Every structure is written in structure tokens, then in C-alpha cells.
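Each of the next two complexes has subunit A plus one more chain, namely subunit B in the first and subunit C in the second.
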Partner chain A sequence: MSNENDRLNSQTDREVSSEDAAATVTLTIPCTPEYVGTARLTILGVASRMGFSYDQVEDIRLAVGEACANAIERAKILKVENPLITIRSLVEPSKLTVEVEDHTDNPSGEGIDQDKPAAEIESMNSQELGALLMEILVDEVSVEPASGGGTRVRLVKFANES
Partner chain B sequence: MSSANFVPDDSEAERLFREYARARDEQVREQLIAMHQNLVRFLAGKFANRGEPLEDLVQVGAIGLVNAVDRYDAERGNKFSTYATPTIVGEIRRYFRDKAWSLKVPRRLQELNQAANKAVDALAVKLGRSPTVAEIAKAIGATEEETLEAIELGNAYDTVSLDSRMSLESDSAPMTLAEFVGGEDEALKSLQQYGDLSAAIEALEEREKAIIQLRFFKDLSQAEVAKNLNISQMHVSRLQHRALASLKKLLLEQK
Partner chain C sequence: METTSMNLKVTPRRVDEETQALDLEGEVDVYTAPLLRQEIMDQVDAGVKHLLVNLNQVEYLDSTGLGILIGGVKRLKEQNGSLKLVGPSARITRIFEITGLNKIFDVYTSEADAVAAAKA
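For the complex of A and B:
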């Protein structure tokens, strides 16, 4: 219980202290294909407010969709029960950061690079292509283990000079 | 499409790439292009919801594939699909850029928005209740996500009458949109004055006109003008000064 309080506090601290003029939109969805559309719609709402052009908004949405698809693949491979994805959009004047964090408990904590049985190689193909697409579509991509298991993909798109 | 077959068997592709690198055989090239068509389809499919026909995207993507096949160097150790994806996606994105589709998408959204609005009314009458998003989507032949987007964003692009009422505060007198529309740009007016300028120059006396023409249209120096007109440079300077002053006066009078 106290542990959980600590976590909540530290989260609030981070959001308040580090970003003054920033707004955060957080969405948690079941890690299933049906809800990826909900994530894409949320990003549409967030990104189109920021002066991005239509193709830029679509690029961000596509990248977020790929990050979700990869999380869904991983949850399937790891046979996680009732997996969730949290999509956190951080709106700043200079950039939009979208963190796609899956809570697919990943014992190795090694992100997507783990031993892969032969049957999963084809899915690795689509995950690799998804990761490649993300690199092409947004300005920065980083992948790291999420706290408490899972993977966090951070996508950054810089705002246009106004 | 299942994810199973959009990247062909690596070892077979590798063998063919090695052969192509050695002999540059046209048939091997064709074979390599053909066996990676599914990669193009897969990637083009990702962009299919942006209002361009999938087949068009596959075709421009194929240009990227051909370029990638020609430039790929298997010796560098990259997988071909990894190498080709940025090239293929690059072609597809350039296609959108060149089509100025940022203008087209609002139009498409606006059309979808109008269709959705119509469908809402028609379905409400038919069903005797407010229709669901799924029912609207089906009626206008779009996905549910597209329908929601169109309803949400299409309104922003609706054309609006100049006489439509706007009120900033609910209790203030209603104003029309026309009252909010800005005035004429002063800088644009000065463009017209350039037209007036030639008339004003015509109105100058002969020698002043000649000086203005030689100085500002032929870019001669005052000394050169002086030589040309066989007068002193001092005189040119004085006449030029007078000419500019009267031009200014003439232009201001016209205003």
C-alpha cells in the first residue's frame, strides 16, 4: 500500500516539476487490436491541436499504431493474461512525445530482443518492420524496459517552426 | 494479409541477390522484384486510409522497391527488407507530398462528414432512434474510426456563410461572421501604385523623365547620366532630386 502511494507520488512529481507548460493525456486500453483505433483517435485529437500538418498527424498515428501492434504481438507470444497498454501523450510547445507502454510482464526485461522459437520468427518480421516504420515516421524512437515489466516505446515528433 | 509471407525466404533472396550482383542479369532482377511485391503491398497498406487508392500506393512503392533492388549490397550484411523499407516508404510519402494531399484530406473528411450527417438524419427517421456509429459507418461505407474522425474533424472544415451568426458571449448582441473578416492589406495597395508610377513619370518634363529613366531603369551613375545629357553632374543631382519630389507629389495626389 505504501509502496503504491510512493509510486503515485513520484509520478505526480515528475509531471509537475519537469514540464511547466506541458499537458499530458494518458489513455490505458486493453492490449487487443479492437482498441488500437481508440488510441489512434486520441492521438488524432492531441496532435491535430499542435499545428502538425495532416500527413504529419497521420505519420504519428501510424507510428503509434505500430507500437501498439508490436505490444499486442509480444503479449500474444508471452501469453500474458489481460494485458494492457498505456499511451501517454506529452504535449509541449516544441514537440509531441508519445509513450506506448505495454504491461506485458516480460521476465527477461529485455524488450523485444529475446530468444525466439522458430514459430515466432514471422512475427519478429512484422515487429521489425513495425519498428523500422516508426523510425521513418517520427523524429526520435527509443525502446526501453518499462518499470514493473513490459516495454516502453517513446516516439517524439518535433513541432513545425512557427 | 497474414504476416507470414510478406518477407520472402531469406536464403533464396540472398542467393538471387548474389547472382544479380555478379551478372546483373535482367531476369534475376525481375525475379527479385516480383518476390518482394508483398513487402510493398504490406507497407502500402499501412498508408491506405489516407484517401489514395491502394493500387496507386503499391505502384509508387514498387518504384522504391526497384531502386532498392538495384542499389542493395548484400555484402554489407543488412537484410534486404530492412534496406528496402525506408526506400519504399519514402516513395509513398513523397507521393502524398507531391499530391498536395493536405488539401485533399480535409475535402475528403468534409465529404465524409456531410455524408455522415445525412446518414444520421436518414437513419434516425428509418430506425425511429438515434443511429449507432457502426450503423452510420455502414451507411456511408467507411470504417468506424473514419466515421468518428469525419464527425469530429469534418465540422472544422465546413464552409460557413458570411451571414452566419457568431456570438462571443451568449448575452451580447449577435454578430455575423462578416464582421470578423479582416480589412484590405495596405501592403497590397502599394502594388497598384507601381502601375500609377509609370503614368506619373510620363507627366514629368522631358529632361527629368530622361534622368529618371537613365538612373533607375538603365542603372547609370549620375556621372554617366551627366555625360549622356551633356550637363554637369551637379545639375543631374538637382534635377533628379526635383523629379523624385514631383513623382512623390503626383503619386500622393492620385491616392
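For the complex of A and C:
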């Protein structure tokens, strides 16, 4: 019994040790609305064990959901057949980096001014709102073409910022 | 009659002759938002003047859902009516604040306050 406990404790210690090499969690889903919840659940699991606050975890979850929603909208507009999204989470002691890569073929994703007047916000579409949310919810957002076509959105949340 | 998607339940409820409530339960996202859009459109088409969207049981709201609520606000405003939001969680209230949408949405903590404001 004691040995068993020692073994479990040892595993736990190793999991939370900051000396661990960065861990990567990768999930590939169909680029369709019904699977975005699966991606959000995965990121919730990854972020929850990193010491982020409740609000920070929720921020990351929403930002990833927005990146997936944007990819779905692009795939729909471009009529891509059987599109996929790959969500790659890189866990490091100081930060979580999530790359949301879609295999569609229309890079876009310009930053949006956060100080828009009400009339302008009212005329924004969902994609613009999604881009705005990503900019606000995580510490860094970058958008670049993915290799082989499509778009890669990289979201970074630092562990010690609120 | 309530309509249910995988992760969202929308239940229309008559408040008075001019006012209808939509009680939402679950997640409003890119998957479920079309259901909410349809319910709002059905109410508009039925001639409802004031629509109260009860967010009390909503755990998640993304930009797709926000876009549909904005569309609903515009549609009802065009018809001299209103769409008011009731009872959002602290989390969703925060989303309204950081996006600046609190300048567009009429948000109330209680349904009674929202009804009173609609009649004012």
C-alpha cells in the first residue's frame, strides 16, 4: 500500500515539476460546428492543470473556440471539402501556446481596434467580433498562412498575467 | 414549445400580450447559434414587440451568439420594439464589457426590471 502511494506521489510530483520538458497536446477535428465543443473541452483540460485562474481558463477556452469558428466560416465560404482543424497546445511552465491550424486556403485575420464606437460595433459581423475577442482574451495573437494552404492562428497566454 | 439542439435548449414563454421571453439553457456557439437565430426570427415574424432573452442558464456564449443577439436587437428596434437580455452570469457580463457590447445591449439582472423598462 505504502509502495503504491509512493509510486502515485512520485508520478504526481513529476507531472507538476517545472523542470519537465514542454508537453504538447494535439487534437485534430473535422472543421464543422458540432466538433468545436470537443476542442473547447480539450483546451479546458489542458489549461486547467497549468495554474491559470478560472477566468484565464475561460478566456483561453473562448479564444480557441473563436479561432475554430473562424476556420469553419472560412471553410464554408471557400467550400472546402472535408476540412480539418488541428489544435496544438504547447504547455510550458511560463505560458500556454495554442495553434489552431485549418486546412482551408484563405489567410485572413487582421487585428481590430478595441475602441470602436457603439455604432461601429453594432455593424460588426461575428468574425470581426471573434477576432476582437481573441485579441482581448489572450496575451498574443498572430495569424499566418499554414504550410500546405490554410491559416494558422497562434494564441499565447502567459501563466502569471491576469 | 421548446426547441433543443445538442447543447442548447430554447424555451419561448409568453410574459404578456406584447412581451415574450426566450429561456436559454446551455451553450450558444457556432453549432447551436442557428437555433437561437431561428427562434428570434420566429418571434419577430409572429409580431412580438418586446423580446426578453433569459441568459440565466447560459454557460457559454461566443461571437456567433453575440452576432445573433445584435441582429435581434436591430430587427426589433426597426419595429419599434426591443430585445433585452436578462440575468447573464458574471462571466458573460464580462464578455459584454470587454467587447463594448454593453453599449448596445440592454441588460437587466431581473425579468421584472426588464419588463418594466420595456413598458417605460
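Convention: the second predicted complex is superposed on the first by the 120 of 162 C-alpha atoms of A that agree within 3 Å, B and C clash if a C-alpha of one lies under 4 Å from a C-alpha of the other, contacts with A are read in each partner's own complex, and residues count from 1 in each chain.
To be clear about the criterion, contacts are C-beta pairs under 8 Å (C-beta built on N, C-alpha and C of every residue); 3 or more make two chains touch, one makes a residue touch a chain.
A quick note: this is a predicted structure, and the numbers were derived from the prediction, not measured.
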item	value
Contacts of A:Ser48 with subunit B and subunit C, given as first, second, both or neither	first
First, second, both or neither for A:Glu81, with subunit B first and subunit C second	neither
Partner chain(s) touched by A:Leu133 [first = subunit B, second = subunit C, both, neither]	both
Subunit B versus subunit C as contact partner of A:Pro33, first or second or both or neither	second
Subunit B versus subunit C as contact partner of A:Glu58, first or second or both or neither	both
Partner chain(s) touched by A:Asn125 [first = subunit B, second = subunit C, both, neither]	both
Which of subunit B and subunit C A:Ile72 touches, first, second, both or neither	second
Residues of subunit A at both interfaces, subunit B in one complex, subunit C in the other	37, 40, 55, 58, 62, 66, 122, 125-126, 129, 132-133, 136-137
Subunit B-touching residues of subunit A, taken from the complex the two chains share	37, 40-41, 44-45, 48, 53-55, 58-59, 62, 66, 122-123, 125-126, 128-129, 132-133, 135-137
Interfacial residue positions of subunit A with respect to subunit C in the complex	33-34, 36-37, 40, 55, 58, 61-62, 65-66, 68-69, 72, 114, 116, 118, 121-122, 124-127, 129-130, 132-133, 136-137
Contacting residues of subunit C [partner subunit A, same complex]	6-7, 27, 29-31, 60, 62-64, 66-67, 70, 73-74, 91, 94-95, 98-101, 103-104
Residues of subunit B defined as touching subunit A within the complex	3-4, 6-7, 42-43, 46-47, 49-50, 81-82, 85-86, 89-90, 93, 96-97, 101-102, 105-106, 144-145, 148-149, 152-153
